[in-house]
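Each of the next two complexes has chain A plus one more chain, namely chain B in the first and chain C in the second.
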Partner chain A sequence: MTHQAHSYHMVDPSPWPILGAAAALLTTSGLAMWFHYNSPYLVIIGLLSTALVMLQWWRDIIRESTFQGHHTPTVQKGLRYGMVLFITSEAFFFLGFFWAFFHSSLAPTPELGGQWPPVGIQPLDPMDVPLLNTAILLASGVTVTWAHHSIMEASRKQAVHALTLTVLLGFYFTGLQAMEYYEAPFSIADGVYGSTFFVATGFHGLHVIIGSTFLLVCLLRLIKYHFTSNHHFGFEAAAWYWHFVDVVWLFLYMTIYWWGS
Partner chain B sequence: QGLKPLVPTESPAPIFGTSKPSVLPATEPFLGKNNVSDLQKVFQRSDGLPVHLKGGVPDRMLYRTTMALTIGGTIYCLVALYIASQPKNK
Partner chain C sequence: MAALGRVSRLLLGTAAPRSPPARGMAVAAHEGGGARMWKTLTFVVALPGVAVCMLNSYLKAQHGRHKRPEFVPYTHLRIRTKRFPWGDGNKTLFHNPHTNPLPTGYED
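== the complex of A and B ==
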């Protein structure tokens, strides 16, 4: 039997990359069919196939690492680089929306009444639910760090408690933000204020949901003994992503919610 | 065993019963026992199967469902895009 003379992972042939690309095609074309021809079937098939591909691809990565032992320190280093680059790209994504916000709010046009917030817009009170949401995300940053230290010290019960709290705080944020969206006196259609507010906070909310889901998967893996005190990169990646989501919220809160009111 | 408690030899006390202690005995692991080594044996079998099919029948079913949905959806997509690209009738 041949053995490799290097510490990299040569993966088995997999259908998920191309099926993932096809799923992206279906989702995007499906959006066009939904917006312009009022037919939701293609976007539904697209979202379903995307979910199935994600589930199976990440399931396979867990098999390759935890059950087959392919994640050597060299492989783990590559994954760390990958996650850092991905989060950096997400930071640039949000930078664009912050640019748009400052473009419109630093020099408000006469059509807005020459002021920010524009005439007729009643902004949300930053000291109300948004402040609570800030506290929730900051607390979740503490609990996820507590969970990490518990994992490194092999304290199983504490790690489960801390990670469960983190996930619950994440879902609490999402619930509160959904309620805020429902109750807001302005909508996305209310000029450039509505656009910048809901697109920036909306994409942030989507990232909170993604991050909470990633942490929930880590909780399930933690319960199933997948992590060791030295090797738990999946959890670290989730924690990095979660801290990123927290930082984006702090910028949103300071600029759009507080300065922008 | 997983999340189920160990089967006792005498009749089991209900969880909220007062006749037996409701605390888990010290020998029970917290939230299920560690069966990673069993899974390691399963996924390291030399059966030549790629990792995405190595779990057996459930893997095949999921794979076929995903393939059917994606291939079918792509055909639907190409037809829909072809129709959408036709000029509107006067």
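== the complex of A and C ==
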């Protein structure tokens, strides 16, 4: 029987990377087909295949780590680098939309009536549902930290309670934002105000949904005994991502909702 | 720059996973019993904070929202450079007939 003389994980050949790339191609070209040729079928296939690749790739990673033990401390360190770099790239992604917002709002053009918010725009009251949403995300940051400490102290019941609360708070935020989107007196088509508002908060909302899903998967894994008190990087990655989502919201709230109203 | 090194070492610690520092609570030097502190914070600060904000929103809703503003056909709003790829191509994704006028005015 052969043994590797190093602590890295030489992954078995996998179809998911290339299939993931194919799924991305189907999705992007599908968007073009939908927008320009009025046919939604390609984008539907693209999104479905993307979801299937994600499910199977991450399922395989769980198999390799939890069940086959390939995630040594060295491997885990690499994963930590990876998650940090990914979140950093996401921070730059949002930075672009904040740039766009300040570009348009710091020097409002005559077409907008020379003011911000533009003439005819009734912004949302920042002290209403947006404030509640801020409280919800901050609270979820506290509950996810409670969950983390519970995992480290091997308090299973507490960890489940705390992580469940976190996921519920995440869903509550999403529900409230959807309601806000429907009730808002302005839309994405309302000039640069609408564009900056809905693109920035919309991508944030998408990240909340992604983060909530990540946390939900961690909850299911927690219930199925995947984590130990020393080794639970999947949970840590989800918690980092969730804190990032919270911080982006705080910036959105302070700039677009509050300063921009 | 030195801080960046410290932060990355904190995040990349291998054997001992650590939680990312939370707002204002970073230096609490609690070893075991950290979970108890966060549980307390959850039920004494975080969730009551959410409840207070829920009450606030409820009371604001009771107070009665603004009447919807009169429609003025501004050219910098309700832009329709290209049809939307759904429905009749004239309504946004979260269109609300009561609060969102079309370029020609409110529908109802």
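Miscellaneous remarks
Note that in this section the second predicted complex is superposed on the first by the 261 of 261 C-alpha atoms of A that agree within 3 Å, B and C clash if a C-alpha of one lies under 4 Å from a C-alpha of the other, contacts with A are read in each partner's own complex, and residues count from 1 in each chain.
Operating definition for what follows: contacts are C-beta pairs under 8 Å (C-beta built on N, C-alpha and C of every residue); 3 or more make two chains touch, one makes a residue touch a chain.
Model, not experiment: these values are computed from the prediction.
Of the two partner chains placed around the shared chain by superposition, chain B is the only one that A:Lys224 touches, whereas chain C remains out of contact. Within the superposed three-chain model, A:His243 lies in touch with chain C and out of touch with chain B [touch as defined at top]. Touch criterion met: A:Ala32 reaches chain B, while chain C stays clear of it. In the superposed pair of complexes, A:Gly82 makes contact with neither chain B nor chain C. Applying the stated contact rule after C-alpha superposition, one finds that A:Glu153 touches chain C and leaves chain B untouched.
Partner contacting the larger number of chain A residues, of chain B and chain C: C.
Once chain A of one complex is fitted onto chain A of the other, the partner contacts of A:Pro17 are absent, as it touches neither chain B nor chain C. In the superposition on chain A, contact is made by A:Ala184 with chain C only, not with chain B. When both complexes are overlaid on chain A, the residue A:Gly96 reaches neither chain B nor chain C.
Contact with neither chain B nor chain C is seen for A:Gly175 once the two complexes are overlaid on the shared chain. Chain contact summary for the complex, chain C toward chain A: residues 8, 11-12, 14-17, 19-20, 22-23, 25, 32, 34-35, 37-39, 41-42, 45-47, 49-50, 52-54, 56-57, 60, 66, 68-69, 72, 74-80, 85, 92-96, 99-100. Chain contact summary for the complex, chain A toward chain B: residues 11-16, 19, 22-23, 25-26, 29-30, 32-33, 36-37, 39, 41-42, 45-46, 48-49, 52-53, 55-56, 60, 63-64, 66-69, 156-157, 160, 223-226.
Taken in their complex, chain B has these residues touching chain A: 30-32, 34-36, 39-40, 42-44, 50-52, 54-55, 62-63, 65-67, 69-74, 76-77, 80-81, 84. Every residue of chain A that touches chain C in the complex is listed here, in rising order: 34-35, 38, 40, 73-74, 76-77, 80-81, 84, 111-113, 118-122, 125, 127-129, 131-132, 134-136, 138-139, 141-143, 145-146, 148-150, 152-153, 155, 158, 162, 165, 169, 178, 181-191, 194, 230-233, 236, 239-240, 243.
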